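Chain lettering (A, B, C, D and E) follows the sequence in which the chains are written, and residue indices restart at 1 in each chain.
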Amino acid sequence: MLNIQNLKVSFGDKEVLKGVDLTVNKGDVVTFIGPSGTGKTTILKCINYLVEPDEGQMQLLDVSADFKNINKKEILQLRRNTAMVFQQFNLFKNKTVVENVMDAQITVQKKSKKEAYEKSIDLLEKVGLLEKENEYPSRLSGGQQQRVSIARALAVEPEVILFDEPTSSLDPELVAEVLKVIESVAKTGVTILLVTHEMSFARKVSNKIVFMEKGKIVEEGSPEQIFENSQNERTKQFLKNYYAEAAEMMEATQ
Amino acid sequence: MLNIQNLKVSFGDKEVLKGVDLTVNKGDVVTFIGPSGTGKTTILKCINYLVEPDEGQMQLLDVSADFKNINKKEILQLRRNTAMVFQQFNLFKNKTVVENVMDAQITVQKKSKKEAYEKSIDLLEKVGLLEKENEYPSRLSGGQQQRVSIARALAVEPEVILFDEPTSSLDPELVAEVLKVIESVAKTGVTILLVTHEMSFARKVSNKIVFMEKGKIVEEGSPEQIFENSQNERTKQFLKNYYAEAAEMMEATQ
Amino acid sequence: ACNEESVTDETASEEVRTIQVTTPPTSKNLSWQTPDGEILGYEPDVLRAIDEKLEGYEFNIQAVADSAQETGLKTGKYELNVGGFYPTPERKEQYYVPEEPNGRSLIKMYVREDSDIETLEDLVGKNITPFTAGGGTLQVVLDWQEENPEHKLDLEESSGDIPYAQRLKEIDSGKYDAFVGPANLGQNEVIEELGLKVRGTDPIYVGETILLIHKSEENEQLVEEVNQALKELREDGTLSEISEEYYGEDIFQYEVTK
Amino acid sequence: MDAPNTLEIISLLLEVAHVSLIILVVSAVLGLLLGSLLTMINVKDIPVLKQFTVVISSFTRSVPIIIQLFLVYYALPPILANFGIDASNLSATVAAILALTLYHGGYLTEVLRAAYKAVDKGQHEAADSFGYTPTKKFFRIILPQVVPVALPGWGNALIHLIHDTSLVFALGVADIMGRAELIAAASFGMNQVTVFITVAIIYIIFTFLSDGMVRLFEKKTRKYKLDSGLNARGM
Amino acid sequence: MLNFEILVENFFGILNVVPQTVALAVTIFILSILVGTVMALIQEYNVPVIKQIVMLFKLFMRGTPLIVFIFIMYYSLPGIVSFFTNLLNLDYNPHNMSPVVILIVAVSLTVSSFQAETIRASFLSVSYGQIEAARSLGYTPFQAFLRIITPQALVEALPEFGNAFLVVMKAISLGFMITVVDIFAEARLIAASNSYYVEAFIVAALMYWGIAYIVVTLTNKYESSLARRT
């Protein structure tokens, strides 16, 4: 349902994505892992055209676009089929928590206020933020902002959700909660693209892992393939620290 | 060397810290863990008086202040003895990467430009960002910003460093790097206060763990005490997911 | 009869041309507007007298500030301006100017009562209040200066926004030694009202003032008729009467200075 | 007429206050619309039109208002006549409103442009990512964040406009300043100081009301707690 | 319809006073920024009593038509100054005070009350995290202000500073009332002497526009270079 060919992005004269190809099926949970600054965020932002690629084609559901001459209608369609949780949250500063979650439902999906409100309250309860309903984002702690941002993306029930490090500010309890939420969403057939650096989270949540480095996809496969049978030296090295940690943990909790 | 008594903070009529007492010795690495929104960030910000406490006393090195009538000189002293890595990074937007790291050295510590530059380059190399030296923060990925922010705090060689989730945007490779950096800094006798939600990181880096909930310290002790022999039900529950994860990992990597 | 009347009405309205006429709003007694919109003064009354004489024209008299007057006259918004204008070559170049003047301008010096200033020569080394920029008074003094370069005067110009009453007070207070200006702007009233120890000298200059008319083919006829009307008004003493009314004297009694 | 006393001066001036107010309010509203339009063209970077806005705004902001008033009132009708448009009946009040609208609009363009650019890029990204149309994004997310930053500049623009309305007297419009000049002239300028101070007080009241309105909006937008500014957290 | 000879003549006539007009405008502009910044800071930091005084002063300055204020200053500034010089036993006769000085004082004070608002708004565009970061590193308020806040606020303030400069350019033409001659005053002088009003105004308008064009180009350049840096 999502198909990307030869995606290239540069900022100024710096090439950040150097020809990425990717195929994702409906209901997949695809996780991007890789070193900092390799272009993981950039890939997600190309899918909803927040970053303008230099080259490449993409098919998403019934939208089929060449990035070189994509038109406004296609862009709007792409964006309405997707929702994104940003690495820096980007909550609407002028709206309260519940308004943040409601707004796109009302504005984009033309839902009634009541309907949008009920859905929002429901989601805020799921992420444990009911009591902050009427707070403005600037008054929230990091983890609280991140959870609002997740609720906001889920609220529009998109075909594809793009999560950019959705658990970076969350403690293990909440990570487990978010994991549950993502799993339940994935079960309804929603496709999920995710960037994370928490390997155990990646392993549990995804059915496909993509390892990137320096603007290229180095290896992709099932979590078992990547985490246990990686054929690629660079991948192995990247995961070395993860193995070491796991080993240590083993020791400690034995 | 750091002593806090009866620290109380409210935002509006919401009490966020409800009487916190804390003693930290020189060279300690103290890690705060706990659910989102409990006041971990707030504690760190009280120590350099970015948040104005309602009540409480604090001794830090030779500064001894009652928060109720602290004066400007004391505030400046507190701030010059500490440095902070923010959860949202807060890099100076109008300065390049290297200028971000240099600026406080020049402005506050009156170092020569050359000296400041050399130290900054050194630190940027340590966090793997030498090539971004002349980039502006808005051009950096999340992980890159976080690393600049760490370098900036280390550059002023403070007595106490306050890290607020310093690894939230970093992949396992970089987490290992940062761990090394923090350990080496701690060895030089610098005191470190840290907030993190990565339990294995907390365990490895600290010699004291403080578990907080709802604005109070629930339990504190050595990593072994907290992670292996916690006496507190809430702590145990909070760490449950961490244990589960460790167990799963064990299975997977066996 | 009905028929006839309507016909004459039509021809009349066809023939009567409305002329936009302007006059200064804040130069009492030359020309000023009261808060309820009435336009009074020597110049407006002269205009009304002309209007009465001209069959084919009707004057619509408005009060607007001086720079607006000349700007509007040049672009054709206004057809006829009055305002104590002096004849200059540039004015004659740009506008139609009836040969017959419509008034006289007397320039006097206002000095402290105990002052011995009587002529322009006496102003050498004295503090003179700034002249209204480019005004006729300044021109007169500059012309004199040119003929008498040995008596060097210290001349300054300003926008003229500081009212004459204030200027006279500055003479009284000693800030300045002399104020030179047209005598038709209520100086006597001010001196009397405020009890200032200031007196006016004899006129140092008497000049003719003119009407300005927008240059267009249409107006050639108008100039002729206005000229004729002015001549008649002057001869039958109407102008002198108006002068008596506003200035308390007949300005036409003074000989024009060469 | 005897020289009026201070009370009479006040009532004489207030008699024409509505003239000043109408000119002020109409050109403030139209100017805001024009300024918004020019800003939009500017930030959207629409070619040609953008150059045009730069020309308009640099001209209207720099040329003395009195010249602009003359241009509209005296020069515009003959120019339009060349294109077969008859504007010879353009009244002084309408001309004044037109000129002041252009001036106010040009001024506001700069205020609004700066405030627009102060909005964080992430806010645009977030709205775009949900498929907000540009209009929806603008009105629901961006504008509410532009307003608090633009308010002080808008307040300045309004005060400049209030003062500049006093120049319309030059065209013969009987506004407060015009009436004041007439009252002063009637006494040969002897009571000019009193008249001027009275005018100043009336204008101070106008600006007080205008600033009060701006403050009211500021209070309304303060609830967003945008978390910027020197004492964002009341420190 | 226009007389080109006169246009050319006027152009050089008015060009003569451009340098002094611009110099005067720049002086007033800089003074007004300094005073305005102080007022904005007092207001932002809520300094008690002084804040109320500043608010009152601003209300008065913003409300009073400049022409009236210049009038007031013309008659009262020498007296005010002599009060202080007498107090300090200085040997200075303020009654010879140059009208240029009076104009500079009057316009600077007026414009600074507008600049205060501009500067206040520009502070509003700096996100609080930036200030927190500077504080956490031990910057004094002044250092934080100079090195972190100002450069970021300037991006926001520049266009309005452009506005303010043009306002000053125009405002000084009121100085003609007290004999200070600037571009517009020179145009009126020339017009009054030769009755070619339209020509003089056209040249003056072009002169102002030309200066504005230079100012706008310069601030835009500087603005985009600042913006690129954030």
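The criterion applied here is as follows: contacts are C-beta pairs under 8 Å (C-beta built on N, C-alpha and C of every residue); 3 or more make two chains touch, one makes a residue touch a chain.
What you are looking at is a predicted structure, and each value in this text was computed from that prediction instead of being measured.
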item: Centroid-based (C-alpha) most distant chain relative to subunit E; value: A
item: Selected pair, greater C-beta contact count between C-E and C-D; value: C-D
item: Centroid distance [mean C-alpha coordinates] between subunit C and subunit B, Å; value: 83
item: Geometric centre distance via CA averages, subunit D-subunit B, whole Å; value: 50
item: Mean-CA-position distance for subunit E and subunit C (Å); value: 38
item: Numbers and ranges of subunit E residues touching at least 2 other chains; value: 71, 128-129, 198, 201
item: Residue numbers of subunit C (touch at least two other chains); value: 67, 71, 74-75
item: Interface hub residues of subunit D, defined as touching at least two other chains; value: 70, 75, 120, 226-227, 232-233
item: Subunit A partner contacts - residues on subunit D that touch it in the complex; value: 120, 122-123, 125-133, 136, 140-141, 144-145, 223-227, 232
item: Parts of subunit D lying in touch with subunit C, wherever the complex brings them together; value: 1, 12, 15, 66, 70, 73-75, 77-78, 169-172, 174, 178-179, 181-190, 192
item: Residue ranges of subunit D in contact with subunit E within the complex; value: 54, 57-59, 61-65, 67, 70-71, 75, 107, 110-111, 113-115, 117-118, 120, 148-153, 155-157, 159-160, 163, 166, 177, 193, 196-197, 199-200, 203-208, 211, 226-233
item: Complex contact set, residues of subunit E against subunit C; value: 67, 71, 74, 95, 174, 176-179, 181, 185, 188-198, 201
item: Complex interface listing, subunit C residues touching subunit D; value: 22, 25-28, 32-35, 37, 62-65, 67-68, 71-72, 74-77, 163-166, 185-187, 189-190, 193-194
